[in-house]
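Labels run A, B and C following the written order; every chain starts at residue 1.
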Amino acid sequence: MKRNLICIICPRGCAMTVEGEGTDLTVTGNTCPKGKQYAIDECTHPMRTVTSTVRVTNRPDTMVSVKTAAPVPKDAIFEVMKRIRATTVKAPVKAGAVLVADVFGTDVIATKSVE
Amino acid sequence: MYDVIVAGAGVIGGMLARELTRYRLSVCLLERENDVACGATKANSGIVHGGYDPEPGTLKAKMNADGVEKLFATAAELHVPASRCGSMVVAFSAEEDKTVKALFARGQANGIGGLSVLSGDEARALEPALSPAVTSALLVPNAGVVCPYQLTIAAVGNAMDNGAELKLNFEIVAVTREADGFTVTAADGQTVRGRYLVNCAGGHADAVAAMAGDGFFTLIPRAGEYMLLDRAEGERVRHTVFQVPTKEGKGVLVTPTADGNLLVGPTATRVESAESTETTPAGLETVARLAAKSVPTVNFRQVITSFSGVRASVAGGDFIIEPSKKVSGLLHVAAIDSPGLTSCVSIAEYAVTLLRGMGLATEKDPAFNGERADTHAFRRMNDAERDAFIKEHPDYGKIVCRCETVTEGEIRDALRRNPPAADIDGVKRRTRAGMGRCQGGFCMPYVMRLISEEKQIAMTDVTKNGGGSKQLKGRI
Amino acid sequence: MKYHDIVIVGGGPAGMAAAVAAFDAGVTDVAILDREEKLGGILKQCIHNGFGLHKLGRELTGPEYADVYRAEVEKRGIAVYTNTMVTAVSPERVVTAQNRSGVLTLSAGAVVLAMGCRERSRGALNISGTRPAGVYSAGTAQKLMNCEGYRVGERVVILGSGDIGLIMARRLSLEGAKVEAVCEIMPYSGGLIRNIVQCLEDFGIPLYLSHTVAEIHGRRRVEGVTIAEVDDKRRVIEATKRYVPCDTLLLSCGLIPENELTRAAGIPMDPVTGGALVDEHRQTAVPGIFACGNVLQVHDLVDYVSDEAEIAGAGAAAFVRNKAENRAAVTTKAGNGVRYVLPQQVRADGGEDVSLFLRVVRPFGKVRYTVSDGERVLATANRLKAAPGEMEKITVSRDKWQNVTGPVTVSLEELA
């Protein structure tokens, strides 16, 4: 396997190449160890924080913004979105409240309060 | 059965409807779009022409000469922004200097007072931003600017206040002449009946004439592209600056608008139809290039929007304002291109005279009130007056459009007052909300909410300009 | 007329941070005026994460970042006028505003301008074609989606690869829309690399560099756009035109500081930044009027907005306490490869370190920045990369400012 990717750890944006199979990977093009780790993570188990909104049913045209409390596997993004979309909530909502529990090892929580 | 049906709610139809409500008449105004002033009127230069230009002896010459003062008086009565800023026609060569003199002579023949021919330096003394290449200019002090769509909105609103009815989204598909009058049928099947029918259908006037059985003329649609600049450029020139017409074309104008912006344009391009209102890269490039010829310092980085209007002319070139020779009770007011806006009040009066000649009984209605409330009164108040007004009307305390400082109170008023706005563009034309530098970026969601509230419709049904122009695709 | 020591115009991230900093510098009579119902400004609609890493050491979403500062404002009991829109600021520091209760005039010891910025509109871009529904600036679409819960389009083309456009490409994709393309007129993107990776690449959205939207089609609603490649003068190459069917066009073509109040107050402006000319305390050329955040210069990260606002807030507090300060200023200047330097004036005389913020004219590889006063070098800094989308900061230590005559020039040289 050979994969080119741009590092997102800092604004430098190093162009890196990852080569190898399974856990035996070599990274070139990075300028720091963080970049190397990012490249390996990105090739073995890329993770993303998903942010979206959940409708507040007892307020007119009101959404509460939400996020996964921790990153989830990149492949699971649309599955997480399905769970989020199937959810509604009633105000009041407090920032930090768990709105969808146990999603790929984490929770979907509110990122704002709605009174 | 109405006494008079006016087909088309542009500036001509709108002003005619208002004129008719001076009399004891029932009047119905038909418009195919979701608002008035949506055809050629919307994308007009807004110039009140001095009257030196039309060929002496034509209807255009007559209506223009008669129309200037009447237009300014009507604009004042309706509280529509207008300004008598004067105009100049500038020449760039000895050849063009001759045209300036010829225009002066033609103006004299048309009975236009106050004209004078200036040298290039005299012109620059009055208008310092003029190009050093200007060799002479015709000065036209009686000319000015008016906001064409606000004039139409106010005229229709005043007509409605005086009893006229407005039917929007009424796209005429059939006109039948019966013994006692006309039946006019819309695309959606609804019908309106009236004793007299006046064809003010602008770019569609030839089609309406044909439907009525008198299709004796064909309109030639010509598009004119414009660019509108921010108020920061509004004082670049004080006069409307025209160029001497040449073989290549009529040139473009650079003018302050009645609302304090700067307008440059138009091009004149033969197009497919009255709906061909798209702008083109070539057109906008031409406008910029020719405008810079007269006024080299125009800052095109201040462009806030560009648009194109289609005007309807006929081969002969003059207005067609005449009773049908084939269909009794039908009056044509068609082919109203420039100077149509300037002439609109005179045309309306003349049309009423013609209708009278066709047998329409015109008994004055003593209840007629030609004044319309000043919808921009709030904007002209000082802080103390505003404070007092807001305490009475709290909605005027909430500024919705920050670029043009338009309040919620003004927007709600536009959604209620005759003719009520029904969509985002309608609110914009009445209040200027969304017409500023950000072009609605900030205020559009709030304006949509106000429309949804006032019209009792879902946010997802709010449109930009009627029909299929919904902004939203549904809820998340 | 009511008086406050400091009146802050705008309650977004800049206004809130300025208020907190001014309070903490010992001036407690601070008031924030904001046009919206709730403090937070545009952060309220930025539901994505990535805020606060630099400033707060943790990764937050926009609403969470705003909450952090809102809590600080509340904790200090700073006066907040919401739903209140400022309509004028006078050079004498009288602030006129209005809300549903009437017109309000406040006199202030110092004023901090923190009105933020707006997006470049279609008109300003002069895209030709029809004028249908479905053309949105990216931020308007963001507000309608994230705050009010509406879908704005199903097939979308985005013009401009600014961060808001990239974020919206992801947001639209997550909600089931198909983003057909992102067109960027420049040969490089102005957005953060992280956003290109996580907002476009993750969703397989093509980014076309050196491309623009040449025309918009559709009478009532957008039916499609013509996209085309541009040459090095940004002119459309006719032969490359192609039609892309879509129902929505999003514009993310740059932000413009919203300085109408500033101009009306007669405050001198910098034509390059689009903001006021300021000194190192972010004081404009009108004494006692300060500016910070995106109204002063468009920032890439809110964290830097907060930093800048703290400088302005502290500066305003110092002005209120001691109005006499009026040292001569030296000017700063953008040299080779540098588009602008902020602050444009420095009054420092050795009392404190001063950081210069700048942007470069185009992307570079490895560069060395040199800050010089005539022949004298005040500071140098090496960077592995420079891009117009990344604001750069170079600090000149306090001792170097003594006897500086100006102009202090920042230039860069590309290293092999």
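Here is the rule we go by: contacts are C-beta pairs under 8 Å (C-beta built on N, C-alpha and C of every residue); 3 or more make two chains touch, one makes a residue touch a chain.
What you see is a predicted model; the values in this text were computed from it and never measured.
Undergrad: By C-alpha centroids, what is the most central chain here?
TA: That would be chain C.
Undergrad: Could you find the chain whose CA centre sits the greatest distance from that of chain B?
TA: A
Undergrad: Of the chain pairs A-B and A-C, which one is connected by the greater count of C-beta contacts?
TA: A-C
Undergrad: Starting from the mean Cα coordinates of chain B and chain C, work out the distance between those two points in Å.
TA: Each chain's C-alpha centroid was found; their separation is 39 Å.
Undergrad: Would you mind pulling out the distance in Å between where the CA atoms of chain A average out and where those of chain B do?
TA: Result: the chain centres lie 54 Å from each other.
Undergrad: Centre to centre, by mean C-alpha position, how many angstrom separate chain A and chain C?
TA: Those two chain centres are 26 Å apart.
Undergrad: At least two partner chains per residue is the criterion; list those residues in chain A.
TA: Each of 53, 55, 61, 63 in chain A touches at least two other chains.
Undergrad: Among the residues of chain C, which are close enough to touch at least two other chains?
TA: 145, 148-150, 175
Undergrad: Enumerate the residues of chain B that touch no fewer than two other chains.
TA: Touching at least two other chains: 459, 475-476.
Undergrad: In the complex of these two chains, what residues of chain C are touching chain A?
TA: Touching chain A from chain C are residues 44, 47-49, 59-64, 67, 145-150, 171, 174-175, 192-194, 196-198, 202, 384-385, 387, 390.
Undergrad: For the complex, which residues does chain B have touching chain C?
TA: 227-228, 275, 277-281, 283-284, 301, 303-307, 383-384, 386-388, 390-391, 394-395, 397-399, 402-403, 405, 437-442, 444-445, 459-460, 463-476
Undergrad: Name, in rising order, each residue of chain A that touches chain B in their complex.
TA: 53, 55, 61, 63, 85
Undergrad: Can you list the chain C residues touching chain B in their complex?
TA: 35, 83, 85, 87, 96, 98-103, 105, 118-119, 121-124, 126, 128-134, 137, 139-140, 143-145, 148-154, 175, 214-217, 219-221, 236, 247-248, 256, 258, 260
Undergrad: If we count contacts the way the header does, which residues on chain B are in touch with chain A in the complex?
TA: So the residues of chain B in touch with chain A come to 449, 459, 475-476.
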